[in-house]
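These are the structures, in structure tokens.
You will see chain A twice below: alongside chain B first, and alongside chain C after that.
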Partner chain A sequence: MASAAPVSRTASLLRDLRYLGVFTAKRVIALLLTVLVGVYLTILIANMGGQVDELRMAQIQGEVAEQVRGDPAFQDLDSEEREELMQRQIDLEVERLRLDEPFILRSFDYLRAAMTLDLGRAEQMHSDAGSRQVYNIIVERLPATLLLFGTANLLVFFVSVFAALSLSRRYGSRLDQSVIGLAPTSAAPAWFYGIFLILIFAFILPLLPSGGMVSVPPPEDPWAYAASVIRHMALPLAAMFIAQIFISIYSWRTFFLIHSSEDYVEMARAKGLPDALVEQRYILRPTLSPIVTSFLLMLIGLWSGAIILEQVFNWPGLGTLLFEAIGHRDTPVIIGSVVIFAYLLAVTVFLLDFLYAILDPRVRIDGGQR
Partner chain B sequence: MAGPPLLEIEDLRLGYATERGTLWAVDGVNLEVRRNEALTVLGESGCGKSSLARTLLRTLPRNARTPSGQIRLDGREVLGLPEERFRREVRWVRIALVMQAAMNALNPVVRVGEQVAEPLRVHQRMGRREAQRRAAAAFEEVGIATDFLRRYPHELSGGMRQRAVLAMALVTEPDLVILDEPTSALDVLTQASIMNVLKRIKAERGVSFILITHDIATSSELADRVALMYAGQVVETASAEAFFGDPAHPYSRLLMDSVPRLHQEQPPRAIPGRPPSLLEPPTGCRFADRCPKAYERCAEPPPEVAYDTRHRVRCWLHHPGGRR
Partner chain C sequence: MTRWRDGLAQIRRYPSAVVGLLIIALLLATAIYAVTAIPYSEAQKLWRGGDAWQELPVNASPVWTDRIRGGEAPRTITASSDEVAVEREDLGAARLETTTLEVDFPYGDFPSEINLFLEAEFEQRQPFTRVHWRRPDGQEIPIEARRVGERERFSISQDRQLESRLGFAPQIGLLTDAEPGTAEPDVLQGTYQLVIETVHFEEDARLHADLVVYGQVHGAFGTDHQRRDLAVALLWGTPVALAFGLLAAVGTTVTTLIIAATGVWYGGWVDAVIQRLTEVNIILPLLPILVMIGTLYSTSIWLMLGVVVVLGIFSAGIKMYRSMLLPIRQAPYIEAARAYGASGGRIILRYMVPRILPVLIPTFVTLIPTYVFLEASLAVLGLGDPVLPTWGKVLHDAQAQSALYHGFYYWVVSPAALLMLTGLGFAMLGFALDRIFNPRLRSL
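What follows is the complex of A and B.
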């Protein structure tokens, strides 16, 4: 018995590792397939199933004609030669963009490029620094969105989880009832509150700027710069906080109420454990998986920003970028931002699978021994 | 017996606030438990026996009203004790509980051993190692291999979980363990072996038990004394021999007749009717409209009558002026 134990422990460790390997491989393949399908659908939609090609064709013809007509070097060519020149240039451009091949073939090339994160060049848009690389355009906008939405969502998340925990302890109290009563305020979106906040705090009482991220021209001193950004953030932040906080507290409170009536919570109280320990070990700990899930999904939800809110506050983030890209039919930018979002989502889901196993012992066993 | 009994319950009342008024689940209960005595609280569903158990440890649901009456431990009143002192001085120090639905009484994400050792760590500020050692001893006592200390609840069978919960109740060596339907979710063999563990522990440890059950067969195994509840009140308390041999209350007698027995020609008889609503209980005897021996006096609330030494009956039939 004593000598058999280490052997079987090694064997079971090996078995666990092999199981882990198979599990990981399965998950990676499944998630890659999901990303693949999502990105391909985006490619089809953003190109309108190939119809964008015709627009592009017309655009090329127009551009070439403009160029040839405007160029003094070609002024003395007769119209036939000019036609020929234009046709040659158009053919060159068509060949470069491979518009002569069927769209369906090119769509797979686009897919391969997208999946390998080769996001290509934007058709019309460019970053403020002048780059036309989709990657640069997106990366330039990312910090603005992360700053605003990250702050807002972290604030809403932590405030609501802790407020909810404390309300669930005071179920039915006046405070509890007023928070529930305020929950319908979240029926209106953040930009709706944003408009009123701008009206009140930027126009009626001119305390805060009505839009933008930093004053023009931007202050030189980094502290003054930070202070200016904070002043610009105040209103959109407040708008998001008002729009989300009550419904968030309400739903977390209900969540904690359900989980604090579990038998083991009652048992823990009967055992004479102090309230703080009961809350930490018997309410929060067993419910950590759903809490972490919603936290991580919230974090990646930041990626797309909020199109209308950014418009209302003239915030130079990804939401505004996407809005402009759709307006300009700048397919590479649209696809590029979806590709990055899809990968972020896949990586998060992948991490969550492992987090669940760490957080909840009941998840570990499934498929392992059985 | 010298000194006060371990536990005395006097005129205990517990109500739940409902939309249609207060529901008195425990309505004037008097009971006592002596050291090393096992009291079975017997009764059908909804008679208030679980509410009684929950009142003793104050694990009441949110809509419960503040209970009234007295609960004395070794002569000291504990019902009015402030929450924090009650937690430190009574819960798991003097009284422990084995919950109904013990299947879910263990936290799914904490190792069983840690949960069993937890009361020691909290109440006696014991170090982890020593607490684990004591938990292991408790596991051996209830008949689970100590390897299971490192397991999670879902890795244990129903019977093992029930034993683990029992080990958890015994680990701090409380004077009184309340067992609320401890075996009702288990199969017959597991039930029997857990009852055997309980009997052994009672003999070895000198601990007192309150066993709450609706199962007459289970109750007869462990009980020294029996209290029968009906509609929020105790209708008869007696020693187990007296209760099972010579029950005095008409409800007790009918209940005995409803139990199927081996080697008996007569088929078990059901008691017709249903218990009254606890929202608007009858003013007189609560069993009167189901009682074959009811007479006009039963319209008044019956007093608790001493039928014999430590044998009390809440019935007009046994009142000195009553009709036998």
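What follows is the complex of A and C.
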């Protein structure tokens, strides 16, 4: 196989790429449809009691009243005339937005707006830059969430895979036993450990800040800024790490143990190959796609855990935003966050599929006919 | 059946499973005790707060924290006019009644608050009351003189005038003989008296007085900012948490399994629909949707449970069960069942589902704490059940009142410890069961 002609190699690469393209296109379409259904369900749930309609009515009334009061041309109207004018404008607006039509028809309008991320105006909240657009409010918070959860997930993932590999090599040892013994501690979510970490490291021993993302006021110097962010990240990172690491090591260890008892691995060992080579080529390579799968599944699981952890640590990300939105009963922001979360999950699922396609030769060979 | 019995017999070989079972038994016993000792309606009423708790101190630590620190902190002492004799003196048109409430104060620290609750019975004219405080060393301190309405509360410890006269906050100044301005005054231990002189202007007028000298510690779990005894919430949180976790876990796993089996059995478009629905459901973010429903509709714990179960039906688990069920579909015993004319429903429920139930049991047990924590998570977000006391709501109150910042550690630690105990109990049992019921893991 290694001696295959270069021509056929290029051809097979092209074929692989073509299949990958077809597969990717198929998955993107399928996922877009999935998001469509998911977002539509969200709209249906949100509107179940006519909530969205009431909300829009209130918004229209507010906007019209503001407009009429602010316009100097209408300053000298008496209150009755002004009422009438306002009512007329509201009716016009209602007709324009087709609020007088049945919900089923309009729900598709909402769907289009949500799919194109036109998430409407917030009722009370605004972004730090002052925008009232839900989209801007959410996008402003996204980097903070990605920073914290990206770091935590990568850390947990790599540490647990490598720890599990080394544990599976000497399973039954004292260390192995204690990690298994600690696995049940992962029953508690990260925010739960967060509370204790704050208690210990922020209040009993005041070493680290108890919340926030940078110190106030934020340092001017970029290095000092980064250092401050790292100091603030330490506790939430530790909380997520503690909550995830043992169960993660446990499941990887079991996984590697099962796979390292396969016949072909025994064979490789019997041939006298060095341990490192056996691990890389005979254990890690064939198990790569399930490893990636579970990494991304873990990401999906962590998105929701993020909400409360952020709130506990006052981390200015999506979770805190959602929490604030609950506090303000700001429905457009809440619905907008659900839509954004749905998109994030869909992107995660897509990445999963895509990596799978690259890693799993079967997908390449049958061109995505899974 | 023998497989089950074997499995249960094996549990004894795993110490962690035994510990887990013990914890679960303990929690179950607590739950049963809570439900029988405090009925559902009573628990709701108590947790609403109000008058029921007016004789408890605000934010008092549990008694055991004081034991650790040396036992100096005062307990709450009450004295009621029902228990003492009243001296009466006729003044012609009016009548003077003198009530002396006695309080024995043996503690090394000052009380957190002092309140006097007065209830007067009269027709037209309000009785007039003069109150003074007599220290063990005989010194008298006038406190207040005024008319009394039907129900009144003298917050003696918040009387600014008294404070400026004493030179200390009243709850300190009334219980010390130190000079005003002393940095760390000592408690004067002994028997204090509160003398209430009342002038009644009517024949049938009566005055009822309760003196409460609030302590700094209370009960086994302390109290919160609304004077509510945390024991109620912690006790009642147990059945709520267990019921929520158990129902959600049963609801999601069983329905998921049956649906996976249906898809596998009928195949074709049924399977395709189930697969697509699962894919849609995977991208629906559970917690944000729960938050949305909690904000827009109701935060009732039963509604939340329903939503969790409904969203959990088409969960990622379906894919896993499907892969387990696919080979079973071809098994000879299913063919035999088909040959004797078993219906689709019968094959799914009697032949396919029971076959993989053992695999499900560990998952099911480890799922319970996930849902217990989910309920707590919602409560911490402020979307807890509006009337029921739960552990999560205690944590939420503590967070909202910055309990850690103010040093009320007990407020956070006890609900958190209970949550952790529940999580550990079920997880330990679940992990051991996993090894027992999944033979592939047993050799490891």
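Some observations on this one:
As a convention for this text, the second predicted complex is superposed on the first by the 235 of 370 C-alpha atoms of A that agree within 3 Å, B and C clash if a C-alpha of one lies under 4 Å from a C-alpha of the other, contacts with A are read in each partner's own complex, and residues count from 1 in each chain.
Just so we're on the same page, contacts are C-beta pairs under 8 Å (C-beta built on N, C-alpha and C of every residue); 3 or more make two chains touch, one makes a residue touch a chain.
Here the structure is a predicted model, which is why all the values come from computation and not from measurement.
Of the two partner chains placed by the overlay, neither chain B nor chain C lies in contact with A:F157. In the overlay built on the shared chain, the residue A:P274 is in contact with chain B alone; chain C does not reach it.
After overlaying the two complexes on the shared chain, residue contacts for A:V338 are found with chain C alone; chain B is out of touch. Touch criterion met: A:Y282 reaches chain B, while chain C stays clear of it. In the superposition on chain A, A:F241 makes contact with neither chain B nor chain C. By the touch criterion stated above, A:Y171 is placed in contact with chain B and with chain C alike. In the superposition on chain A, A:S186 makes contact with chain C only, not with chain B. Of the two partner chains placed around the shared chain by superposition, chain C is the only one that A:T34 touches, whereas chain B remains out of contact. Contact comparison for chain A: of chain B and chain C, C touches the greater number of residues. Overlap of the chain B and chain C interfaces on chain A comprises residues 171. On the chain C side of its complex with chain A, the touching residues are 16, 20, 276, 279-289, 291-297, 316, 366, 369-370, 373, 376-377, 380-383, 395, 399, 404-405, 407, 409, 412-413, 416, 419-420, 423-424, 426-428, 430-431, 440-441, 444. By the touch rule above, chain A contacts chain C in their complex via residues 30-31, 34-35, 37-38, 41-42, 45-46, 48-49, 51, 171, 180-181, 183-189, 191-192, 195-196, 198-199, 202-203, 210, 254, 257-258, 297, 300, 303-304, 307-308, 311-312, 322-323, 325-327, 329, 331, 334-335, 337-338, 341-342, 345-346, 349.
Those residues of chain A that touch chain B in the complex are listed here as 171-172, 262-264, 266-274, 277, 281-282, 285-286, 288, 359-362, 365.
Chain B contributes residues 57, 59, 62, 87-88, 90-93, 96-97, 99, 101-110, 118-119, 122-123, 152, 154-155, 165, 168 to its touches with chain A in the complex.
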